[in-house]
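Input: structures, listed below.
In what comes next, chain A is part of two complexes: it sits with chain B in the first one and with chain C in the second one.
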Partner chain A sequence: MGTFSRRKAGFERRHWLFAIAVLACVGVWFANVVLDEVRPGSDWAIGYGAAALALLAVAAAYGLRRRAMKVASRRGGSSSAWLAVHVYGGGLFLILVLMHSGFRLPSGWVTWWLWILSWWVVLGGLGGLFLQRWIPRLLTSGLGVEAHYDRIPELVAGVRERADKLAAQCSPAVQEFYLRSVAPELQEPRRRALYYLDVTGGIQARLRDFTHLVQFLSHEEAESLRDLSRLLRTKLELDAHYTLQLPLRWWLYLHLPASLLLVVFVALHLVSVFLY
Partner chain B sequence: MRDDKPGQKGSYGRVGLPVATQYVVPKRRRAMALVGALAIVLVLAWLGFDWFMGRGNLLSNGPLSSSHARLETECTSCHSQAERRVTDEQCAVCHEKYGDALGVYSFGAHYVYRSDDFRRLVPSEHEVPCFSCHLEHEGREAAITAVTDRQCFDCHPFASLNVGHPEFDFAADQLPDLGSLAFPHVHHVREVMKEEALEDVERTCLYCHNAQADGRNFDPINFDRHCDACHLAATTATPALPVRQEGGTEPGVDSLETIVARGGPATRWALYTNPNEFRRRGDSVSKVPVHHRDPWVLENLRALRLRLHPDAGLADLLTTTPEVAESGYRQLYREAIVTLEEQALGLRGRPEPEVQSDLTKISDLLAELKRVVEEPFAALDESQFLLALARPNPDLTAEERAQIEALAGELTQPCRQCHTVTQATIERVQADQRVLRRAEFDHRAHILETRCLDCHGAIPIADGARSTEPVDPAVDRAEIQNLPTVDVCRECHNPQQATNACVTCHYFHPNKGRRSDLLLYLE
Partner chain C sequence: MSEAEFGKTQLKQLEQYKDRWSSLGAQTGLIGTSDQLSVEQLREFEIFQDYDDKILEKIRQDVSVATWQEGAVLFEEGTYVDLAFFVVEGEVEVFLQGVAGVAAPGAGARPIFDSSRTVVSLPAPSKPAGEEKPTAARGTDIAAATAVPKTERSRPSGTITFLATMDFDLPRGVATRLGPGEFFGEIGALSGWPQSVTARTATPCRLLQIRTPALRVLKRKSSALTERLDKLYRQRSLSAQLKNTPLFSTCSDIFLEALKEVVDLVSCEGGEVIVEEGDAADAFYLVRSGFVKLLQRFGEGELVVSYLSKGMTLGESELLIDGLDSWQVTAVSVENAELVRLPKEMFGQLVRNQPEIEAQLWRSAADRIREAGYSRRNIAYSEFTQVALDQGLVQGNSILAIDLNSCTRCDDCVKACADTHEGRPRFVREGNKYENLLIAKSCYQCRDPVCLVGCPTGAIHRSGAGDEVLIDEEICIGCATCYRNCPYDAIVMHETGIAWPEDAVPTGLRGKDQKLASKCDLCADTGHGPACVSNCPQGCAYRVGTLEEFEKLLVRRV
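Moving on, here comes the complex of A and B:
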């Protein structure tokens, strides 16, 4: 209980700090509008750009921390704190980039890429944050199985093997049913978009065939059929994991290369600004 | 529905999936870093290719405006090789004529602002380079000459025409009109309306105030065009004036014959004057008609003035008094130059040694005056013209001075209907006084919205024109500046109505119109 209270309080403090930072940006922006012309080359805009650069460096430091154990082992704050700085700093970075450009569309090749990459990286990161919050909750809300993504093919093979053995011991009617309706499903893990909308995605509908057939079987055969049903259910839940864990694995491919490219373009932008 | 019971929910559900026998090694995601690195390499390669191919415009912040589009592939046209930054010198390569004393687009030209007063050239700490106001790389359609008012506020600390703008100088300093003519507007408007059968008062204004071709301003009032029809008729005559006697002490005028016989500088006009214009009666002479700027009247007036102030100096080269606004000092020197050149023209070809000596002195003086006029930073003042008039002839008694001034008054009697004569000199009439010199006003743009007397209401012309009552000279005289004050402008130029931006009336580069003169550029 005490731990939950402390976590809740920390979470709210981050929100407040971010809100204050955004309000500060809004206040500074209005001061800029009143006191000076809003354009990318003005002193105000250079200030926004410098602040955005600092935030970008801080956000990028999270990635380094994860990979450099020496840094991680120092007393630099917890991983969750670093993540919070990465997330909120990144959001603030986008706001400062927009303020730096005067909320105008860019006109040059480098600045266009900077603008696009800034949006891409930040929105991609926020998207990944959302996925990391939503998908685990989804997975634990309606499934009875937990499985490591990389093990799912192996586990599906194991389920198929056990189902084959079980079906071989059943009557021809059950075997025929197995071969027609169950075995194709157990061949390999499958992804279905339906799981994003309903994590139990059609599982009950698929198991209804078993319910219909079981009433025509003897007690022993019915028990075997129920075991087959449970194996099929497990496989379908593994499919749900297979489907829903994929974005968790792959969203970083959208975020990380683009963020590396963003850093390079920022460097180019700095070079051109100072050089010219 | 989940098919588990308390205590049975585990990693592998009811079917009891096998625990992994070996640690499942997560797949490496080096591909992410490789994709990013590959993208970076491609970008840098593309940039390098662009750079070494000599274009280097991928780093450009955007396309240039259409007026500079031709330079887009030549970055060094504006970005100097050494400093890379855009410098004013780079802009000046195209936008300044080599040898301009004050660059048309320089801060110096802005400080002086066509006033010819180079004492105003005091550099400000707020000077900024050209590109600070004229932003490039904003695309083809960008209006790089459209500069916002904020750029003005660093030096001019008021927000707009309506907030903090000072009163116009002529109103704030209560400067009188320097016309020096006795000119009641209402009387003249009534006369013109009667003569021309006009009903509209404003149309009467245009009878004398003739707009220039561009409609911005009006031609200066000119006697020959605007006054000659009514003034100095063929019967206008001087009173009978005593003729100066050789060796006499009484003041008098020189007859035409005397002037012709005497010759001398600037008397060539006497050779072409009709002797029938003079009526001689004994020792007196009168002239009829008297012309505007009558050379006989002016020559005799000059002689009388020399008797009052023998050390006339440069003042002797002027036909009127030298009082001008500070911006007009250069004009005095130019008038003196014209007089000297006429004098030199009259003396050339005469072999007499004394004439040649005079010619040499005239040439030296001419050269000096021209040097002063052409030197932009020369200290000009009217004192060289005024000083002589302050030194009266010590050989004259007060009674003699009074006699000479009285004769000067009689000589200029036809002139004094309009002109003022002091110290035997006609006061200068400054027909074209640009009081709002640091602003640009276009009459054509305004006349579509308002009428003349809506703004020029200091003299009650509209009321007086339709009345027959005499008008108090205190409210209708030439010294009144019949110009709108800043409050009159604010009636229309305010945030709700016509624009009140600085650039509506003020150019930062006041002389940029000269850039359109190709001959000037090709000199």
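Moving on, here comes the complex of A and C:
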């Protein structure tokens, strides 16, 4: 079996394993409910809590793997497999937490925090997963340019410089058009919500003025104007990257601190259980 | 020499001349290299007498006369050299390492020669289960090792280069001497293949050294030189090379000796039409080096239906199938390509006398027809083949392709690369984009790595029969020859912040900042596969070696 087939088979296997694990959990919990075994402090509830703790540790280990790539490359397994464990383990963690609490709302402030943070972390993670599936496809669907997020301001500055030089060699009419309609757009990278709906940012509408003007120009001038329109298109595509790559980076700030806080509260919970 | 004496252009030319020949300074045993030769000085040499001033003016920056002391190693078996040598005075000895050979004098603690570099890699034949994998071989073992099963089709391996260079068809342990008026190194220089022998000066020598661009010009402008080089090639190499192609590997030596006398040697420049669709099919072709694209008329235009690389053949469908008297494709060389041409009548005799070859050719013909049909039904496939030829993807053994449909731009691939290589990443997540794939600026691990050509110390080399092209940092002098040669911007020069010592050789380096070439090495010697692939959380970084694998990754917009 080739690498590509193996990858696909691995992906399908992970889905099946997760589905079986969820069904097993729900089945066990349902049996406990029928037998009236799940009560706070019961052996089953403690067992669910311990399983949730183990899954939290496994899910958190993914973060450590990302920070120790040199070691992980040698004997850590692939990062994508770790991510799958992180995602599916995180999902199961929430189910086990709910089973641990008997699907009841928490009573104390620590458990309230635990409950809220568990939901926040898992839903935030799923939100991130959705973004990671949606935005790359959006970026590939209509853009010709590929750019590093951190380099976008520099790239825009380069585009502006080239456009300024090009416009300076054109006739006053083109220069005026450039200063009025194009130059303000090239000043800096801009984020627009529109890109989430239309990744091209309505570029055709923006280029209509160029199409109109070009018919009044000489061959050379028309060529320069076409170059300017290409530069504007590039800039707008860079804007699309600037807008769309942002949530790919920022959602982690919603996920990570909450995850760390969750670990702290789990530790507090454990201490309180053992002490009291 | 001042600006008053020379014009600006002349000074620039002089600078270029020094630059082009400076890397030779690293060679031990070199007494000196001449100043730039004038047209009149060039004409004093026999081989330049037929050329007019314009041509000589054009090539003179790429020609020098070097004086070597006795015992100097000019090049070693397995290394890539972008020079041809013409003996003016003295004698040069060529031999295969191992028996007559000794390690290069003065090459330092670690000899330039690395036994793994001359390994001839073979195609992976489809063999019955349990049959042992063919092993790579050197020297005299080549013939035995290339005895591939008769079922092998005439297409080279998808992963490794199968054809070794054969500048000299020498048995191991036998040295031959070349005297004044003799050429050597020209096949390696023209084809970009590694040298098959070691060349060492047997006496103090004066050698005319001609770089590849000049050699190409000279060959193009003089039928006499072309004939001379072809004759040398026939004498020294052709039968061994034919023997090393899967198609002819089962033929007897007597047969190949006879065959080499009747074939024509064809050299093409990039874009040259070799055969035209609709013309009478009058010959069979075998590609010796380079790439040839095959086009078919489609509507008002032409469609790329396939391509040929080293060891592949053209003309079998037309010559084998009754009723196909004309070329079904137009063949155009993508870059400089070398082919062997067998006239139709000879091809008929070959097929009649060698039934196993006929069987292979039928399989190859069927593949060609299938590919052409597939390309006509799938225009996107044809378009991608064209892109792959333009961007050199057909050259790569292991190209880093990133599926942008899944890539979250987290840069973990680059970070993993940096972590594995002391903080210096070997690639950037930038490059050409095709549909959903980003072809990262990372070494392609080319089948014919042009970056190896001209490395003065042999620091850049191919590791054994593997895909990896590696740089030995201990002997890299940072001359940037490989960096300039790489057509894909995949080699980076790093500043080391250390100055060369005052006794450094070549002397031109003394006091200058040391630089180091670095490139993707597929994480060789780390005990794991490429870190960029294993550390991609989305699993969207792939190492790809064939167009079929690219096809599987491509998601085409309709």
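Odds and ends about this structure:
Definition applied: the second predicted complex is superposed on the first by the 266 of 276 C-alpha atoms of A that agree within 3 Å, B and C clash if a C-alpha of one lies under 4 Å from a C-alpha of the other, contacts with A are read in each partner's own complex, and residues count from 1 in each chain.
Simple rule for what comes next: a contact is a pair of C-beta atoms (placed from the backbone, for glycine too) under 8 Å apart; a residue touches a chain by one contact, two chains touch by 3 or more.
These numbers come from a predicted model, not from an experiment.
When the two structures are aligned on the shared chain, A:159 is found in touch with chain B, with no touch to chain C. When the two complexes are overlaid on their common chain A, residue A:79 makes contact with chain C while staying clear of chain B. Applying the stated contact rule after C-alpha superposition, one finds that A:230 touches chain B and leaves chain C untouched.
In the superposed pair of complexes, A:217 makes contact with neither chain B nor chain C. Of the two partner chains, neither chain B nor chain C is touched by A:98. Once the two complexes are overlaid on the shared chain, A:264 sits against chain B while remaining clear of chain C.
The partner that reaches more residues of chain A, of the two candidates chain B and chain C, is B.
Once the two complexes are laid over each other on the shared chain, residue contacts for A:148 go to chain B and to chain C alike.
Overlaid on A, the two complexes show chain B and chain C touching the same residues of chain A, namely 144, 146, 148. Against chain A, in their complex, chain B makes its touches with residues 1-4, 9-15, 17-18, 20, 24-27, 29, 31-33, 35-37, 39-40, 43-44, 47, 58-63, 79, 84-86, 135, 137-139, 148, 150-151. Every residue of chain A that touches chain B in the complex is listed here, in rising order: 36-37, 39, 41, 106-111, 142-148, 150-151, 154-155, 158-159, 162, 200, 204, 230-231, 233-234, 237, 252-253, 256-261, 264-265, 268, 271-272, 275-276.
Contacts from chain C toward chain A in the complex involve residues 404-412, 415-416, 419-420, 429-430, 433, 436, 438, 523, 526-528, 531, 533-539, 542, 549, 552-553, 557. Partner chain C is touched in their complex by these residues of chain A: 3-4, 7, 66, 69-70, 72-75, 77-80, 82-83, 132-133, 135-137, 139-141, 144, 146, 148-149, 245, 248.
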